[in-house]
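The following blocks contain the structures, represented as structure tokens.
One chain, chain A, appears in both complexes that follow, with chain B as partner in the first and chain C in the second.
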Partner chain A sequence: MSASVLHSEVAVSDEKQAAAKSAGRRFGALVVRLGAIAAFAAIMAYFVVFAPGFTSTFNLINVVEQSAILGVLAYGMTSVIIGGGSDVTEGGIDLSIAANMGLCAAVYATLLSMGYGDFLSVLAAIAVGMAVGALNALAVVGLGILPLLATLAVLNVAAGMELTLTQNTVVGASSPLLGVLVSGSFLGISALAWALIVFSAIMIVVVHGTSFGLRLYSVGGHPESARAAGISVPFYVSFTYVLSGFCAAVASILTVSRLSASTPGSGELLLSVLAAALLGTVFSRRFVPTMGGTLLSVLFIGLLANGFQLLNVSSYWVNGVQGALILLVVAITSFARGSEGSR
Partner chain B sequence: MTRYMKGLVKALALGLAAACSLAAISGATAEELSLKGKRIGVSAIGTDHYWDLMAFKGIQDRVKELGGEVIALDAGRKDQQQIAQLQTLIAQKPDAIIEQLGNLEVLNPWLQKIRDAGIPLFTVDTATPHAINNTTSNNYNIGAEIALQMVADMGGKGNVLVFNGFYSVPVCKIRYDQLKYVLTSFPDVKIVEPELRDVIPNTVQSAYSNVTDMLTKSPEKGSIGAVWACWDVPQIGATQAVEAAGRNEVKTYGIDGSPEVIKMVMDPKSSAGAVAAQQPYEIGKTSVDNAAKYLAGQKVPPFTFVPSVLINKENAAEKGKPFLDAAEKAGVK
Partner chain C sequence: MSVSANDTTAKVSLRGFLAKYSVLIAFAAIVIFFSVASPTFLTPANLFNVLVNNVVMLAIVALGLTIVISSGGIDLSVGVSVDMASMIFVMLLAAGYSGIVGVAGGLGAALIVGILNAILITRLNISPFLATLGVLFIGQSTQQLATSGGQPIYLTSGYAADQFNAVARTALFGVPTPVIVLIVLVVAVHVLLHRSVFGRYVQAMGAQPGVAWYSGIRVPRELSTVHVLCALLAGVTGILLSATVKSYVPLSGNAFLLDAIGATFIGTTLSRERKPSVIGTLLGVLLLAIVKNGLLLVGWNFYWQQVGIGVLVFLVLAASFGLRRAAH
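Then we have the complex of A and B:
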């Protein structure tokens, strides 16, 4: 009897301790999150004051233009993380997205150089991008493979197909659509910058302004309750991978316009895409990825490289700072995750 | 044939001597050059190879020596990054931009934008109509010299494995075309089809496995006489593969003069037959001198050739050392 009382007392004090610990953690996470945002703000403020020409309209439009490709890719990655849950090891992730973009760019440039028009070539690039996305969906949803491994395998498939198609060479491309993307401008803003603005607006409205987006979050946040509420979890998760493939295709057209060619080495972008999607969570109170947060972090990454160049700081530092920030954000996220209790 | 070769070598030697004395003269006037108060933007596609790093360093050192300020940008072999850097650089309005290597197809529209913005453009090893001056080695010479050395070592007959993955890089195109031109005079020397593809990154590993595969495919000794590449990083992998397969009758040929390869050519037992050694550090410096001259209102020719030296098994001990010393002095491994 007395033993069981003692036992229950211990249990109560354990619970109390756990509650106190979790509150402390939550507070700690808040502090670190605000600290991270403050660090972002401080870096920007430093650039505004010390980097010559940083705030000129021309320079800022340049940065938006430079961020367009990364932005479109990061939206694809963000949608996958929203739909698959943001657990870094078991949640949604699309490692194939940058390689997929390389493959789509190769298809687009090759078809253009073979004399097919814009309409057919764009259609083919988008079809290829979405097909690769569908392959990811099949592997993750259909076969139940961990997204991390499934998309890693698909990364290799896409990269291999790109190499087969281009033989690792530069495929030059020009077309009326590319001409518009390169030199077109409206209201003093270049076509590439418009592409990011319009794409961002669509993504933000769809994910944060519709019931579809709300269901997407519920699927990623709590698949069991989403299923209980009658939402088709497999459909939503598959959709995010196909959407990610679509984003890769759109980004591929922007890439070909910017480089006047499809070039090997698109896979290099993966780290920046992941960085953008992960850094974005810092702008959300619950550490979940949001489209707005992703946009902010994409612009932040662009401004970081730009500001360093204007300050004449070696570009080697950009990678270092970017890496440090990712580490910080991942640390905060796991910190915050710990406070959600034992799962 | 030997008489023809001797004549050619003599002509080349004379040409080299003339080039050296020219370089000496331009060196004398360079003393009065100055870049005080000038900002020079430098954009390189990457610095992961010896040549690239030496040239990039040569440019920066010389700008500082002349009292100028450098904005040095290394794109880490990412086209996207190089374009972004150039775009920001144009907005920074430097007094001149020096661009070093990269994909011409990707770069040309942006080099045009540099000129449209009224910024004088100079290039290193990159032939483009948009540059005021391109400073480089005489790749026509280099291509012919290394091809002739190879043909001579092969005794005028045999099969050659050729790496041709970078025909889109202008200097590689010239060297490859020169190889083909030389071979029109030697019909018994044949290029094995399909040609091999050198890649970046993993150049050495990939060349190693390519050459190993080809040697396995042609197992009889003497069925392959030589391996050719338009630069010398694939040559490293090729040489290692030949030696590992015990096929010492195969010799390797390349261009650039990385210290590692020069040491291989100097080693009598190594299968590295010859390398055309360039002076990337000098090339970088010279491009800055050209920019300084232009900014001082002097006339600048559309291209400047910095001398290179063919290092083969016979002259390696004597000709190789200065290049190794230069590499050590610049502190680049």
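Then we have the complex of A and C:
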């Protein structure tokens, strides 16, 4: 593979000195990882100095609020990638997550506008989200369809159902719960920001602090070994898809509260969700997807958009810079990882 | 899933047969269903309409993806190649250049996208998924910046419109040019992928990248060709698209991405090893196009069509993958 060419350039040390080489590689990886983080830090420092009001508490909370929806979705995607393995065509991926959020938002807003209460509407949205997730799980685990394909088909179903439900219109919504989410605050931090903080804390603890999370990683990392160790691989993989559906439902309630309505076009979030989940790998020592890494990349994407806004740079640049950064980060990462890098 | 290569003892299993031909069976059933359900479905005029409006452009993009997916990669930036070719083509015509210059410029733009992908993947060693995702984002920004936020360019009359008609509305022996372009490209890609040394290399890289490398295949070079070809094919679609609608609408190419991936992977169900093939991809494209058209004819609105297509693709995949799993 082409990686080997780069690899031989990285490992300048004598091939016989394997130990020295691996130490050198470790050092190289450390430098690269710090370098990537330093690049992030440099961009942030630039914003701090030149973007007026960037560091104000109000602005930072605003960024956290704006990142809540992307963050919750990215956690769902990250869990699927952790449990399904990060291989691009065969590994875990949930392309339906953004469309699922749109469907849940439509269900939630429609039920509210029909006069059902918050409790029932939220319940229905979560049920729909998890049902879509369960459909993905059935397709991937039960029928053995490639995740990329299965969730692609489900994407179409979910997006189509959203359209039939809303007739491609904006469905306005208001309720006590939405009122709390919009204007409520605790300790000076708004409800939306709290939603992200609490959700992040739960995800990080569950995935990185429990034996459950460790088993999830083993299922994604090496399914055969996991099976040999007595772990039920189908259960864990199914769980990630249902969790992803649940995340979509939670994000749908957040998005309805932010916009006071369910709006068409939520499917456009998919690429940002993918970018956030994949960009997050650079923050982990072994370049694997982690919840903490995903949180950092979500906040980074949010801060980037925000900083550009404050600097009065056209928002048309944001996508491009985001794309360039992904490429930069991943190029550096795969360079550091050496020959096992790509694919 | 390991596939037994032992054919001598393999019994002809009904499930295996159904799994192998589930797409074909579904295809036949759908054609029969719509022929009965709608009197206009099987008319030459309607089938021609499906071919020109639904099949040609998607099929050309899907051909490119078939090559990339055969090599074990993916190209999420096909939409950018479509858009960039379309944008440069339309802008050149708007500036008064001739159709030939426009087509060359459009293909050149797609070529640049392909080369960028190739450099990212083979030189910088970025995985195809992430490399092309990054290019997708950059391509979207580029279009927004070039069109002040996504203003479409319409050239519906005058010199440019004539040039558009020269590309999209002419016919040779009664066959419209876009259809001829499709036929030529199908044959070319089929030969390239299934009958040439390059094709063998591509298939080898897709099946066993490590083995391909140790067998002396120059993987970076072949992989670069793969991505450049894919971008060029998408560029052809971009040119046909703008010539047909006589305009450039920013960010419209992305609509092809998911359908083309779906068609290619539906096509893989034809082979036991789930390898993409040109024939399979064409079948996938036809399946999607016919379902879209048929649902429209029996009176489903656009929204229900999407649900219908999703459910149908899901069922076909479920039948193919599920039966095959049961057969082993």
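Observations, loosely collected:
The rule is simple: the second predicted complex is superposed on the first by the 293 of 343 C-alpha atoms of A that agree within 3 Å, B and C clash if a C-alpha of one lies under 4 Å from a C-alpha of the other, contacts with A are read in each partner's own complex, and residues count from 1 in each chain.
FYI, a contact is a pair of C-beta atoms (placed from the backbone, for glycine too) under 8 Å apart; a residue touches a chain by one contact, two chains touch by 3 or more.
Computed from a predicted structure; not experimentally measured.
With both structures placed on the common chain, the touch criterion links A:139 to chain C but leaves chain B unconnected.
Residue contacts after overlaying the shared chain place A:156 against chain C, while chain B stays out of touching range.
Using the contact criterion defined above for the overlaid structures, shared-chain residue A:330 touches chain C, although it does not reach chain B. In the superposition on chain A, A:210 makes contact with neither chain B nor chain C. Of the two partner chains placed by superposition, A:232 touches none, neither chain B nor chain C. Of the two partner chains placed by superposition, only chain C is touched by A:164; chain B is not.
Within the superposed three-chain arrangement, the count of touched residues of chain A is higher for C, of the candidates chain B and chain C.
In the overlay built on the shared chain, the residue A:148 is in contact with chain C alone; chain B does not reach it.
In the superposition on chain A, A:322 makes contact with chain C only, while chain B stays out of contact range.
In the superposition on chain A, A:314 makes contact with both chain B and chain C. Comparing the two complexes, residues 167-168, 314, 316, 319 of chain A contact chain B in one case and chain C in the other. Listing the residues of chain C that touch chain A in their complex gives 1, 69, 72-74, 120-131, 133-142, 144-145, 149, 209-210, 213, 219-220, 223, 258, 261-262, 265, 302-311, 313-314, 317-318, 321-322, 324-325. Against chain A, in their complex, chain B makes its touches with residues 69, 71-81, 83-85, 87-89, 91-92, 103, 105-106, 108-109, 165, 167-168, 197, 199. On the chain A side of its complex with chain B, the touching residues are 52-53, 56, 58-59, 62, 65-66, 69, 167-170, 172, 182, 255, 258-261, 263, 265, 268-269, 305-306, 309-310, 312, 314-316, 319. Chain A makes touch with chain C in their complex at residues 1-6, 88-89, 95, 139, 142-146, 148-150, 152-161, 163-164, 167-168, 271, 274-275, 278, 314, 316-324, 326-327, 330-331, 334-335, 341-343.
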